[in-house]
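See the structures that follow.
Next come two complexes built around chain A: one with chain B, the other with chain C.
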Partner chain A sequence: MTTESKQKAYFHYALALFVTLIFALPLLAMLVTSLRDPAKAAAGFSLWPDSFHWQNYIEAWRATNFPRQFINSLVMALGVTAGQIITSLMAGYAFARMEFTGKKPLFVALLATLVIPFQILVIPVFIILVKLSWINTYWALIIPSLANAFGIFLFTQFFQTIPYELEEAAYIDGASRWTVLWKILVPLAKPAITTLFLFTFIAEWNDLFKPLVFTSTKSMRTVQLGLTVFQEQFKVDYALLMAAVVFVTVPSILLFFLGQKQFIKGIATGGLK
Partner chain B sequence: MNARKDNLSAYLFLFPALLLLGIFVFYPLLQLLFVSLNEWNILKDQMTFVGLKNYQEILHEESFWQALRNTVFYVAVTVPVGMAVSLGLAVLLNDKLKGVGFFRTAVFTPFVTSTVAAGVIFIWMMDYDRGLVNAALNAIGLSRINFLQSDKWAMWAVIVMTIWKQAGYNMILFLAGLQGIPEMYYEAASIDGARRGWQTFRHITWPLLWPTTFFVLVISSIFAFRSFEQMFVMTRGGPVGSTTTLVYYIFDKAFKFGNMGQAAAISTLMVGIVLLITWLQFRGQKEV
Partner chain C sequence: MATLTLRNVSKIYAGNVRAVSQVNAEIADGEFVILVGPSGCGKSTLLRMIAGLEEISEGEISIDKAVVNAVHAKDRDIAFVFQNYALYPHMSVAENMAFGLKMRKFAKTEIESRVNSAAKVLGLTEYLQRKPGALSGGQRQRVAVGRAIVRQPKLFLFDEPLSNLDAKMRVTMRAELIKLHKQLQATMVYVTHDQVEAMSMGDRLIVMKGGVVQQIGAPLEIYNNPANQFVAGFIGSPPMNFISGEIEKRGNDWFVVSDGINLKMPLSKFPVLASAFQNGDAKAVLGIRPEDIHEKSGDGNSISARVEILEQLGGEVIATCSVGTTEITVRLPARTQAQTDAQIELVFDLERAKLFEMATGKTLV
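Moving on, here comes the complex of A and B:
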C-alpha cells in the first residue's frame, strides 16, 4: 500500500470507530449508571463506574410489580408470535402454491394494509373490544394482532423458493395439502419461521401503544407500560431507572444477538422485494 | 404445476388470516368513517348522527393545525436527515473494514431497544443538571438547555432520539442495496480514470442505489407519520403541545376526553393523507 492509501485507511477506521462509539454511548452509559451509587447518579453524570451497586437491580425489580409485568409481556408476545406464525404459514402457502379466484386483488389489498398504521385504527378496534368485553384482558392484547400481512409475504416468498418436486412425491403418495404444508414445507421453512419469530416477538415485547390503550389495571400492565409508570415515580433517581431500563431491554437484545443473522437477513430481503 | 383452480382449499387456508384482518383492519376502516359522522361520547355510549360536524369542528381547532404542523415538521426533518445518516453509516461501515460486524451490531442495537427504554435513556441524557448533553455543553463553555421543558427544543430532542434508534435499520437496507451494485461498474470507472470517492458515488452508487433509497423513503415516512410512543414517553406531547403529533392528538381526543367522533374524524383524515402520500411517492418513483 502507498502511504497515501494507508493514511486513508487509518482515517476510515478512526472515523468508523468514532461514529460507532457515539451510537453505542447511550446504551453504554445506561449500563454504567445502572450500577452507580444512586445518590451519586442523582448528583451528576459520569461515564466512569465509581462502584458496583448490584442492589439497584433488586430494588428496581421490587419497586413496582415488574415480575407480574414480565409475565404479562411474555404472554402477549408469545401468544401473538405463535398465532402470527400459524396464520401466516397457512396464507403464505395458499398464495405460493394455489390458484384461486381473486388471488391478485387480495394480495394487493393485503399489501395496502401495511401502510395503514394500527394507531389510526385504534378507535374502531377499541369499540370492537369493548363490545366483546375484552378490554383489560389478554384477549385484547393478543387477538387483534394475530394476523399480519408482513408474515404472509415472508412465507409466500419463502415457499416460492422451495422446489415443487418434494411436494409432488407426497401428493402421489396420496398426501393432502394440509399434510404437505405441516410435514414437508414447515420443517424446510425453519429459517423464515425464525425470522418471523424474532421480528414479532421483539415488536410485541417492545410495544407500548396496545397495552396503554387496551388495559386499565395495574395487574394487566406490560413491562413497557410499567416502565413509563416507573419513570414517572422515580423521575431523577437515574441509577434505579437505568437498572429498570436494562432488565426491560435485555430480552429483546438477547434474542437479537442470538438470531442476529436471521434478523438482518429478514430486513434485507423484505426490503428488496 | 398445479395450475388448476382450487378455490375451496385455498380459501380454507386463507380463512384464519382473512377473518382476523377482516375484523381488525378492513371492518375498522369502514367503521372509522361511520364513527366520524356521529357524535359519540364513550362514557354515555350514545351515538347521534351529525354528518360532517366533527370535521368542521376539528378544522376550526387551532390545536388540530398545531398537531398537523408538528407532524409535518417532524416527518420533514426525521426522514431526510435519518436517511442521510444511515446512508453515511452504510458507506462508512462497508465490507472492507476490519471488524465491521462489531461496528454494525453497535449501531443496530438501538433499533431492538424499545421506544420506552430509549425514551427514558434520552430523558436522562438531556436532563438539565445530570445529563450527558448538558455536561458536554457546559464543558465547552455553552449554557445549559432545558431540552424537554422547552417548546423550542423538545421536538428536536425527540427527533434526535428517533434518528439514533432508527439509523441501524435503514443502514441494513442501504447495505443490502450497496451490495447489489456490481463491482464491475466501479472497475470500469477506475479504468476511465475516475477516483473512488465523491465522483463514483454521484455517478454510479447514487443512481444504482435509487430503488433502495426509494424503499427507505417510503418506509421511513410511514414510520415517522405514525409516531406517538417517543412523544408519550419523553414529553407527553408538551410543552404546550409542541410535540403533539396527529396520532397523539387522536389518543388525547379519544382516551383523555372520550370524544370518539372527533378522534375518528382525525383518523379518517390521516388514512386519506397516508394513501395520498403513498400514491404520490409511487407515482414519483415511476417518473424517475
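Moving on, here comes the complex of A and C:
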C-alpha cells in the first residue's frame, strides 16, 4: 500500500467512524441513561454511567402493563407481516408470470399507491372499521394493512429474475401452478421474504399512528402507545423512561441482526433486477 | 415408450409470423430422432409444442395415436431436458430426481429405488445429497437426464442439452446419451443445431430451416442424398463446396463451367442433365464434399488451385484453396505435401458430386 492510499484509507475509516458515532450516540445515550441513578439522570445528561441501576428495568416493566402491550404489538406486527408476505407473494407472482387484461395499468396504479400516506386513508378506513365493529380489536390493527404495494413490487421484481424453465420443468414433472408457486418459487424467494419480513415487522412494531386511531382501550395498547402513556406518567424520570425505550427497541435491533445477511442480499436482489 | 405423430403442425405468432410451418412426421416407438437446423429455424418451438409448453396454432400432435393438442404438459407423460438444466436449486440431487414421482404420488420405496437406480446408471450415487450449485456442468446435465429417466415417461424430449458443456464433456455426454437410448429403448426427440451431434446420435434426422422441414431421413441418407442445397450445406463438416456455374453441352458431353473451373460431368449424370437443361446454356450449382476432392496422384484431368489456409487436425488436414474467385475446402491426408500460398493440383470425384437448381436450390442429381 502506498503512503497516499494509506492516507486515503485512514481518511475513509475516520469518516466512517464519525458517521457511526453520530448514529450510535442516541442509542448509547439511551442505554447509559437507562442504567443511571434516576435522581442523577433527572438532574443532568451524561454519556458515562455513574452507577448501574438494573432496578430501573424492573421498575419500568412493572410500572405499566408492558407484557400485555408486547403481546398486542407482536400480534399486530406478526399478523400484518405474515399477511403482507402471503398477499405480496401471490400478487407478485401474478404480475410477474400471468397474462391478464389491464396488467400493466394495474401495476402502475399499484405503484402509484406508494405515494399515498396512510394518514389520508385513515378516515374512510376508520368509518369502515366502525361499521364492522372492529374498533378495539386485532382485526382493526391487522386487516387494513394486509396488502402493500412495496411488497408486491419486491416480489414481482424477484420472480422476474427466476428463469421460466424452472417452472416449465415443474409443470412437466406434474406440478400445478399452485405447487410451482409454493414448492419451487417461494423457497427460492427467501431473501425477498426476509427483506419484506424485516421491513414490515419493524414498521409495524414502531407504528404509533394506527393503534392510536383504531384502539382506545388499555387492553389493546401496543408498546408504542404504552410508551407514550409511560412518557406522560414519568416525564422527568429519564432513567425509567429510557429503560422502557430499551425494551421497545430491542426486538427491532435483534431482528435486524438476525436477518442482516438475508436482508442485505434481498435489497441487492431487489435493486439490481 | 410411444409413437409420436405430427400432422400439419404449425406455430403462428402475432402478426402472422410462422415459426413452424406445416410439419409432418411419424416417429416410431423407440426411435431416436434429431431435430436439427440453424438458430431460429423453429426446432425448439416444435419440441416445446410436443411437450405442451407452447400452444399448437394449427395441426395435430398425437402420442401413441391419441391427439394431445389440448392435453396439459403434466398429463402428456413426457420428460423434457432443458438446455440450462432447469434443476431446482433449493433441492438436493435426490430431491430433484424424485420431484416428478412425488407429484405423481408414487410410494416412497418406489421413489427411492428408482432414484437410486437412475443415479447408479448416471454415476451420481455419491452426489445424491448435494445441491445443484455444488455440481459441475456435466454432473448437472446428468441430474437433468436422471430427473427424466426416473419417471419412465412415454417420450423423452431434449432441447440442446449439451450446448452449455465444454467440447470434451460434450463428446462424453453424447456417448452416454447414445448408450442410454440403447439401454432404455425409449422414444427420444432431440433438438440440436450441431450437425455433428445430429449425425452421430440419431436414428433419423429432421432437418429444418425457417420453420419448414427440409428433409427427413437417416443421417447417412441425408448426407449422401440431400434434398436441397441447404441440407447439403448444413449437414457435413467442413460443409459441402458449392460452385455456381454454367451448364454447357459440347457434343455429347456435359460440362460445368465457372471462373477457372471446367468440369466434365460423368456419364451417370447425363440423363438428368439432358432432361433438366435440354441443350445446356443454363446456370446450376455444383456441390462437392471436401472428402470427394483429392490431391492429384497420377494422370488425369485436374484443376490447379492455390492453397490459402492449412488447418492441421492431426489425423487430417483441412485445406482452404482458391480457384479464380471460387473458394474450395479440401480434406487432405495428414502427410500431405501441400504448402500455404503454393499451387496444388486437385481431382474432383464427380460421381459423388451433386447438382442443384440455381433458383430453388433443389437437388437435380
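Structural remarks
One rule holds in what follows: the second predicted complex is superposed on the first by the 242 of 273 C-alpha atoms of A that agree within 3 Å, B and C clash if a C-alpha of one lies under 4 Å from a C-alpha of the other, contacts with A are read in each partner's own complex, and residues count from 1 in each chain.
Going forward, a contact is a pair of C-beta atoms (placed from the backbone, for glycine too) under 8 Å apart; a residue touches a chain by one contact, two chains touch by 3 or more.
The structure displayed is predicted, hence computed values, not measured ones.
Shared-chain residue A:27: touches chain B; no touch with chain C.
By the document's definition of touching, neither partner reaches A:96: not chain B, not chain C. Applying the stated contact rule after C-alpha superposition, one finds that A:82 touches neither chain B nor chain C.
The partner that reaches more residues of chain A, of the two candidates chain B and chain C, is B. When both complexes are overlaid on chain A, the residue A:184 reaches chain C alone and has no touch with chain B. With both structures placed on the common chain, the touch criterion links A:170 to chain C but leaves chain B unconnected. Every residue of chain C that touches chain A in the complex is listed here, in rising order: 51-53, 72-74, 78-80, 82-84, 86-90, 99-100, 103-104, 147, 151. Taken together, the chain B residues at the contact with chain A in this complex read 1-7, 9-11, 13-14, 16-21, 23-29, 31-32, 35, 89, 92-93, 97-98, 100, 102-103, 105-110, 112-118, 120-125, 127, 129-132, 135, 164, 167-169, 172-173, 175-177, 180, 211-212, 215-216, 219, 222, 225-226, 228-229, 232-233, 247, 250-251, 254-255, 260, 263-264, 267, 270-271, 274-275, 278. Per the touch definition, chain A reaches chain B in the complex via residues 12-13, 15-17, 19-20, 23-27, 29-30, 33, 41-45, 47, 86-88, 90-91, 93-94, 97-101, 103, 106, 109-110, 113, 115-117, 119-128, 143-147, 149, 152, 164, 177, 181, 202, 205-209, 212-213, 224, 227-228, 231, 236, 238, 241-242, 245, 248-249, 252-253, 255-257, 260, 264, 267-269, 271-272.
Those residues of chain A whose C-beta lies close enough to touch chain C in the complex are 163, 165-166, 168-176, 179, 184, 187-188.
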